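What follows is a structure written as structure tokens; I'll ask about it next.
Order as written gives the chain letters A, B, C and D; numbering starts at 1 within each chain.
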Amino acid sequence: MDTDLARTWVQAIAAAVDQHKDHLTQLDSAIGDADHGANMHRGFSAAVTALADYEPDTVGAVLVKTGTTLISTVGGASGPLYGGAFRAIGKALDTPSPDPQQVAAALAAGLASIEKLGAAAPGDKTMIDAYAPALAAFKQQADAGADLAAAAVAAADAAEEGMRATTPMQARKGRASYLGARSIGHQDPGATSTALVFRALAETLGSRAESLGER
Amino acid sequence: MDTDLARTWVQAIAAAVDQHKDHLTQLDSAIGDADHGANMHRGFSAAVTALADYEPDTVGAVLVKTGTTLISTVGGASGPLYGGAFRAIGKALDTPSPDPQQVAAALAAGLASIEKLGAAAPGDKTMIDAYAPALAAFKQQADAGADLAAAAVAAADAAEEGMRATTPMQARKGRASYLGARSIGHQDPGATSTALVFRALAETLGSRAESLGER
Amino acid sequence: MKKLINAPEAVLAEALSGIAAAHPGLKVDAENRVIARALGTKPGKVALVSGGGSGHEPLHGGFVGRGMLDAACPGEVFTSPVPGQMLAAAQAVDGGAGVLFIVKNYTGDVLNFQMAAELAAEEGIIVETVLVDDDVAVQDSTWTAGRRGTGATVFVEKIAGALAEQGGSLTEVADMGKRVNAASRSFAVALTACTTPASGKPGFDLPEDEMEVGVGIHGEPGRRREKLRPAKDIVATALDAILADQPMVAGDETIVMVNGLGGTPLIELYVVFNEVAAVLGDKGVAVARSLVGNYVTSLDMAGVSLTVCKADADMLSLWDAPVNTPALRWGI
Amino acid sequence: MKKLINAPEAVLAEALSGIAAAHPGLKVDAENRVIARALGTKPGKVALVSGGGSGHEPLHGGFVGRGMLDAACPGEVFTSPVPGQMLAAAQAVDGGAGVLFIVKNYTGDVLNFQMAAELAAEEGIIVETVLVDDDVAVQDSTWTAGRRGTGATVFVEKIAGALAEQGGSLTEVADMGKRVNAASRSFAVALTACTTPASGKPGFDLPEDEMEVGVGIHGEPGRRREKLRPAKDIVATALDAILADQPMVAGDETIVMVNGLGGTPLIELYVVFNEVAAVLGDKGVAVARSLVGNYVTSLDMAGVSLTVCKADADMLSLWDAPVNTPALRWGI
């Protein structure tokens, strides 16, 4: 992973969010306040802009800047949560070209930030329910010696599975918790955007791997 | 005509208005403010109550009381217009048992009151477009020597025809005038209630004639 | 029909009882349906009475209080009150200096207030009347019912009310009311129909992408139906109609009201006001004073009315005078 | 979607510009999205800052002014503002006596205000926070997000604002805010869903004869769906929930707010208030002060929230203290 790649990841998230904006809002409309698509879109568009002429030395700096931008533009619950996560990930990647183990540790720092701020646990029907399995899968692959691309694909698959698993859950945190049992049967918007984040990572790393392979 | 008959007429109007309340409101909803049914219902129910233990000497007193009650309970445009008309009719019937010519003159006084207060003319798409032909028909029958019942039937028929003739008119008075050309194609609610008033008169006089004939 | 009520017939009486409970500064005569100031009229002060159908709240009861109305007569929803109500109001608030009836120009209101004025005269109460007819969506002509009275009513009640409070005579107060009305123009659009409790159904069906242009405040359809457009265009249409009828030049001062018809969020009214201020600003016309909110509503109708009064110095200073009513309050 | 706007993305910026144009007593920092008093904070006065998503107008911007807030930070519609905004507000209004953040209990608001408090502390500004969580429709527990903050925000802002104006210290003002919150409970029902500009569609479909019971102010469905019932029954349900959580006895004094959610006509709110006054009256609980109107809205949602504060003498006297804001004004 390098700074270009980090930037490409953020751009890929922005593109995915742009494409799924209405879907995210629709999911948030069912059990929240119908702004998650707009929130994510505002934040990641701003991040792409902020990164456009930002040329730092480390992957981490790119992601810290992304997190800071999210915090200063998103608002809502997702702003501080994603913003804090990207800042934590970035702070843990203070190197020009981290390896899979380092990335796994950084992603773990991101989750820790979300858990600390949001005080939510797996099963509460939040973004954590996509993030935690994604992290576990990534770590497992990295520990097994897989490369970044392979680890990221496993993470994205796990995130999507985690995302789908939020549907039957009853929310205990965030706005959806106000609905009590009526939150059951709806997929969590934040878990859905987290799945987009990990899928974007997998695609970014995958196409880099391909282009490297083609050389 | 006598005081009992006058009271019966008012009761018959009240019954007809009760039955057609929603229809009147619906017509008023299309080109007005959706209250004509409620207005007429409130007014004539109050009139029936007011007449319940009122035992005056003349037909006129019954109708003056009816008009006064309408004025004090209806509001809107129709309150003063119908109220003033019934008061004028009543004032012109200062006799225990008026004949058809006298009734025709009284009905003419009613129309004059409406025209004076409302400053509307035939063709403006108002209650006048039912009232004026009804009066003309009544007068013609009376002049030709018809009895009250026959004159009233002719008046009711003419009122209904006049009511239907308001549909293609463009309103120039009342709320419907605010719609300009969009008032065309809708039957005037006030003309419709006026047709009920005359039909109620015809039925009241008709059943009296029958019961007299049966004696 | 979805309404927070108990029964359509009971709405007015129960709302009056709620108004009485909510506003210690008001006293409500439930039998005669008159809302008046709890403290009554200062002897020698001209008393202002207004009224009209209900469903336009806060108009008129919300404008009863020091510096504005002395009494309001609420009729049934969208139905003019009856003369007896107005007479009871005039009798209750006459301070010996006469009573000004402020009447919106609708056949029903005009006729009922006219009868009330006659009854009051018989009781020895001197009555003058100001007729409000500010809605430029409706053509004025001697052959029609004339223009509707809408938003300008608030301006007339406020400014004439202030003059009465300052000791103006009945003629002076009436003249000021007429001047304010003559200087004011309104125009409204609706995005949805409203539903009266008695009818239970929306007054008209409006497709999702259309609006009614040139509506009144009684749920009737407008002059024409158009495709829904951005706020900027709607404001342009409304101000064009207003300024065509009441031309203004750079340096003129205005009082502007952006009024919600009942179902429009306040945030949208501010978006609309922003456009109004921009258009008038471009012409060099000053928005000297303004109101943005729900003042003359049409039950649950979504939409907005604009009212612009070309105000002279007297009007502005009377506008600024203290007012203490449920819906308008400052300087107290 | 039927809205008087130009574009969903432009609503907030344009509304802020409209607010600036409409209220000379306010100054709007368009870049940082901060609404503050034009005159600034008196040195030595504790400054009150609140904020939250937009779409609840007049909350919060309409409560900025003497005797209430010093600044408000409006976020996007239904989206908490960002820490930078809150920091800019705190910096703009700190009068040297510290800043009180009044925060409605939503994850987003809490987290963003928390970050802002940290940033402010880094800048040497002393910040205290009052968390408002009055909505009894939501179960409180350490395992959940806790109760939502709704109508009581108005009470907290008014009463704490008055104490700040009278020279209360940051601790005193914060404590008073917490006391008011602890004494206040709310409950709301919705008859229709609202539509955010960004989503363009109503948040839920509600049959013509049903209502959502226990809703918040962000367009989310309620705790349960029920058949629409008369106002009397709805008030009974809401007051039962409130009084179960905050028992009151004869002789207690209250401040009551009957608050429209944006699309409900004022006449209906008075019908509701009439029922509330009757129920509390039967229990001997005094409605010492009241508000009836649109104060904490949810865009165009039809519905009502009830807020009851069991008020002590201090609260009542602070309630009566002068306030001069666009949406609440008396004693000035």
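The working rule: contacts are C-beta pairs under 8 Å (C-beta built on N, C-alpha and C of every residue); 3 or more make two chains touch, one makes a residue touch a chain.
Being a predicted model, the structure only gives us computed values, none of them experimental.
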Touch-connected components when chain C is not counted: A, D | B
{"item": "Greatest separation from chain B - chain, by CA centre", "value": "A"}
{"item": "Geometric centre distance via CA averages, chain C-chain A, whole Å", "value": "54"}
{"item": "Where chain A and chain B are represented by their mean Cα positions, the distance between them in whole Å", "value": "75"}
{"item": "Chain centre separation (chain A, chain D; CA means) in Å", "value": "33"}
{"item": "Residues of chain B touching at least two other chains", "value": "none"}
{"item": "Where chain D touches two or more other chains, by residue", "value": "77"}
{"item": "Category of the chain touch graph - line, ring, star, complete, other", "value": "line"}
{"item": "Chain pairs in mutual contact under the definition given at the outset", "value": "A-D, B-C, C-D"}
{"item": "Complex interface listing, chain D residues touching chain A", "value": "8, 53, 75-84, 106-108, 111-112, 114-115, 137-139, 143-145, 148, 196, 198-199, 201, 203-204, 216, 218-221, 223-224"}
{"item": "Touching residues on chain B, where the partner in the complex is chain C", "value": "25-26, 29-35, 37-39, 42, 71-81, 117-118, 172-175, 177-180, 182"}
{"item": "In the complex, chain C residues that touch chain D", "value": "1-7, 11-12, 14-19, 21-22, 54-55, 57-58, 62, 77, 191-192, 208, 211, 228, 230-232, 234, 262-275, 277, 287, 290, 292, 294, 297, 299-300, 302-304, 324, 329-332"}
